[in-house]
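Chain lettering (A, B and C) follows the sequence in which the chains are written, and residue indices restart at 1 in each chain.
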Amino acid sequence: MSPAAGQIAGRRNPWLRSGLYLTLAVFAFLYIYPFLLELGTAFKTETDAVGNPTNPLPHNWVVSAFSQLGNQDFPRWFTNSVIVAVFVTLGRILFDSMAGYALARLRFRGRGAVFAAIIAVMAVPGVVLLIPKFLVIRTLGIYDTYPGLIIPLLADATGVFIMKQFFESVPASIEEAAKIDGAGVFRIFWSVSLPMARPALMALTILSFQGSWNDFSDILIAHENPSLDTLTTGVGRLVSGQLGAATEYPLKLAAAVAMTVPVAIVFFVFQKHIMRTGQGALKE
Amino acid sequence: MKHTRAFLAAAAVIGVLAAASACGSSAPAASSAGQPSKTPITLMFGSSGPAETKAVNAAAAAFTRQSGIKVNVVAASNLTQQLAQGFAAGHPPDVFYLDPGSFQNYAKDNALYPYAQTLPNAKDFYPALRAAFTYKGKFICDPKDASTLALYINTADWQQAGLTSADVPTNWSQLAAVAKKLTTHGRVGLVLDQSHSELDEFLYQNGGTVVGGNGQVDLDSTQNVAALSFLKTMLKAGTLKFPPALSSGWSGQAFGENKAAMDIVGNWMVGALQSDYPTIRYQVATIPAGPTGTAATLSFTNCWGVARSSGNVAGAVDFVKFLTTPQQQMAFSKAFGVIPSLATLQNQWQSTFPELAVHTKELTYAHPDIALPNDAQALSAFDSALAQLATGNPATILKNAQTNLAPLASQAG
Amino acid sequence: MATRQLALPARRRAPDTSGARRGHRARRREAAAGWLFTAPAVVALIVFLVVPIIMAAWVSVSDWSGIGSPFSAGVHAVGTANYAALLTQPGLPQQDLGMSIRDNLYYVLLVVPLQTALALLLAVVVSRKALRGRGFFRTAFYFPSVTSSVAVSMIFLFLFADSGVVNGALGFLGVHGPQWFTDPNGLLHMIARGAGIRPPAVLTGHGLLGLSWWDWLAGPSVAMVTLIILAIWTTSGTFMLLFLPALYNISEEVEEAAIVDGAGPWTRFRRITLPLIRPALFLVLTLGLIGTWQVFDQVFLITQGNPAGTTLTPAYLAYQVSFGSQQWGQGAAIAFILFGIIVIFTVLQRLVLRERGSVTQARGRGM
């Protein structure tokens, strides 16, 4: 049903409307409640966490889990995560939009082959290339360096696919007009097509940032020096290996909270942009 | 069109170059142990808890003060994986903990620097430990310490159940009876880790074996089936539980949180209890013998591995020399309760830690935990099956483990 | 205005009148630009996806032990020995592979339809104009997708603990919850046992890849169910976002006309909504299929393949066999077998969807 139909339906049938809100409320609860628990348990003692798991409010608020974590290298992990996420996102936006545009708009020999190759490559499970990717990283001499964390993540077939799909769905008439006016290919791309691509770029930005910030396995194999750990590998190593043998829920969830808060903040900031763009499209 | 072809060619060349440069040099050249340089060295280890981490860091700092060589200490969350990654990247740590199983793999590939037999204290180690780290007749790396499994008893629970020192179990039936007495609502009598490393001693106690004298795997014997069946009856009776059933990550946590009154576990428990569960009052007793009176337990050890491709082999060897001095070994013992690997320290250790004397006494009848080349998958499958012992079939479990492990015995060195 | 273009349904394309006008030189410039534009992405893909595939192919037919370079002199080719050990010779490697494929298959079969349906449902509900607090709901549903697998794994370890939140909630409903992470029983087996069905000998006697046919029909284990719930909870938000632009594009006039014509909600959904979300649906299904066969992080962090190998996946098995057991050749071979499985699934999916796509394309144009 379209948004409009819902409006009409709502007007006709108040039961449908309240049923709708009820469904939404139930789902929203299922999606939000675990985070409330995560936040609350991080401030509990171990006994409180195990004894009253369903109550997100601690019996006694303690910060022992966080101070335990404070003895770890959080600032460095955070900085590394930021570096990796920012560079990977910028790189992907630039390269993927260029490639997607070329595949959708520009005619060149081998275009079909490149696209087919991208589709084929998308089917390759990134995770099982961990070992050989690690060998390539090592061979290129970027193992245990920042470029080693960033450059492999720039290989993103999905992003190219998304941009290509988007450019294909937009009529070329404006670009045609610019071409007639004598603008060069790059100029058209930069000044005309790219601004039009804001919704797709927003989606790509969020996907890229999120993907690189949350990446675990690729970072894991690209380094061994603890000073290059990002939040994921730092916390992951902390809580999953021998150091995490005991089920210390407050500690583990405090780590989870500390990892989630930064990306949540960024998300909420960006969120307004998506909403604005989405509403802009709706107005017409 | 010219551009197109040029581009295709360029892309192809880049690809080929990347691949070709991967055809790197052969195995890293062995660095000679000349004068130790001041190049920093890395130590990677798998910690049993905060006590051990602290002790290792302290040892590294002391060595740095003495020698001027900086030591980068890395507590691995998964030592096997991180070590494998380091070696495969041509970037292994200089010094690292090495268990007997992994030792077989790396020794076979000539990745370890064989310093042990060149050091003056080569003869001072317990023979069993030395044997675990000898490959094709060459003593490669120094054992760092030893642990055995003993019976840990929560004395408060013990007294509460009206038990006395005369009731400390010395065989299986007594163990089962005492566990029953100690099982109350909210607390189980006995907890054991659900792994072959914590359960195999029952096989030996019943007269069976894991790896026989001829080096062959002999898991599916009738004695072994009977041993596992004994454990299964205890599981079904509810007097024995595995840690997950007690919402615990390992048996030490269950014991430390008083969810279990007894635990059969190794020396590393001491450090964990000191740092994480200091309020528990406990006693260490000799592990119960089997029904026919056969005494058996498992022993565990690691060695200080030195990578052949280390950038400062001399410095690394010096570090190991420092770590195996009697003073340093006793310091480790004080921190987390392990038995020093130097046999010459036995008396000193027993007089310093009389409450832990049980562990060394057991060394005389301790069997080393199974270690065969490339055994990780097979042992993991064995452990998965053991975790389901309560509802599983002991004969099938042992038969499958036998099938998977037997072929590996021929590759051992 | 440029923004007006965005409201058009995705399917309609402007007629391409450029061909006749362009000169030869312009075409060459365009071709050069085309290659230049795609170059960075293509090079990155070649170096970090294609070259590793080639290297993995070599490792899978070699006896590389993990020390030194795989191309060094001491490493020999062993032909198909690694593949044979995995596919044809009875033994632990074959059994582990069989289990990992079975476990991952149930995961895929449950996660992909459920997360797609849920994402679509949420998108439909959230896209209503008249909905108050739409932004709040959209955020709520998308937020789990934003968090990392490490954080989510910690949360789920806590939620599904034996005396944890989920079991507490089930207890409230009078149901005794299982031991989520340690119960290896497959759901289908439990249902069969409950119904008193015993497996016929033909199913228990024969099998594939070290597992009897009856074992193949075990269904996802209880532990696997937690991973499935985790996947749906985490990714439905992302896919909801992918459906939203298409739903926004549905023109009000068309809807109103359909309602006036007396079309019921289901008919409207089938005839108007479904054709317009088809590209998004295609994308979501493709991403879903590829993603579910790659599940690794959660297995690494939560279950490590336990209990009893019922949460093994080929991706995790390849990693474990390589880094854990140092059987690099076998690990690479598992990776290629997984690659083959994914290719088959992707091809099947494109075949199935493309046919239907062309039919509805025609229908769409007719409107």
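The rule we apply is simple: a contact is a pair of C-beta atoms (placed from the backbone, for glycine too) under 8 Å apart; a residue touches a chain by one contact, two chains touch by 3 or more.
Small disclaimer: the values here were computed from a predicted structure and weren't measured.
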item	value
Overall pattern in which the protein chains touch one another (line/ring/star/complete/other)	complete
Chain pair with more C-beta contacts, A-C versus B-C	A-C
Chain B-chain C separation of Cα centroids, rounded to whole Å	38
Centroid distance [mean C-alpha coordinates] between chain C and chain A, Å	16
Contacts with 2+ other chains: residues of chain C	31-32, 35, 42, 47, 50-51, 55, 69-70, 161, 163, 322-323, 328
Touching two or more other chains - residue numbers and ranges from chain B	1, 4, 18, 22, 24, 85, 88, 90, 247
Multi-chain contact sites of chain A, meaning residues that touch two or more partners	50, 108-110, 131, 135-136, 139-140, 236, 240, 247
Touch list for chain A against partner chain B, complex	50, 108-110, 131, 134-136, 138-140, 143-144, 221, 224, 226, 236-238, 240-247
Chain B - residues contacting chain A, complex	1, 4, 8, 18, 21-22, 24, 46-48, 74-79, 82, 85-86, 88-91, 247-250, 252-253, 276
Of chain A, residues touching chain C in the complex	1-10, 20, 23-24, 27-28, 30-32, 34-35, 37-38, 41, 49-50, 53-54, 94-96, 98-99, 101-103, 106-111, 114, 117-118, 120-133, 135-136, 139-140, 151-152, 154-158, 160-162, 165, 168-174, 176, 179-180, 184-186, 189, 195-196, 199, 203, 207, 210, 213-214, 216-217, 231-232, 235-236, 239-240, 247, 249, 252-253, 255-257, 259-260, 263-264, 267-268, 271, 274-275, 278, 280-284
Chain B to chain C touching residues, read off their complex	1, 3-4, 7, 11, 14-15, 18-19, 22-28, 80-81, 84-85, 87-88, 90, 105-106, 108-111, 244-245, 247, 374-378, 380-381, 384-385, 387-388, 403-404
Partner chain B, residues of chain C touching it in the complex	28, 31-32, 35-36, 39, 42-43, 46-47, 50-51, 54-55, 65-74, 91-93, 96, 161-163, 179, 181-182, 184, 305-309, 320-328
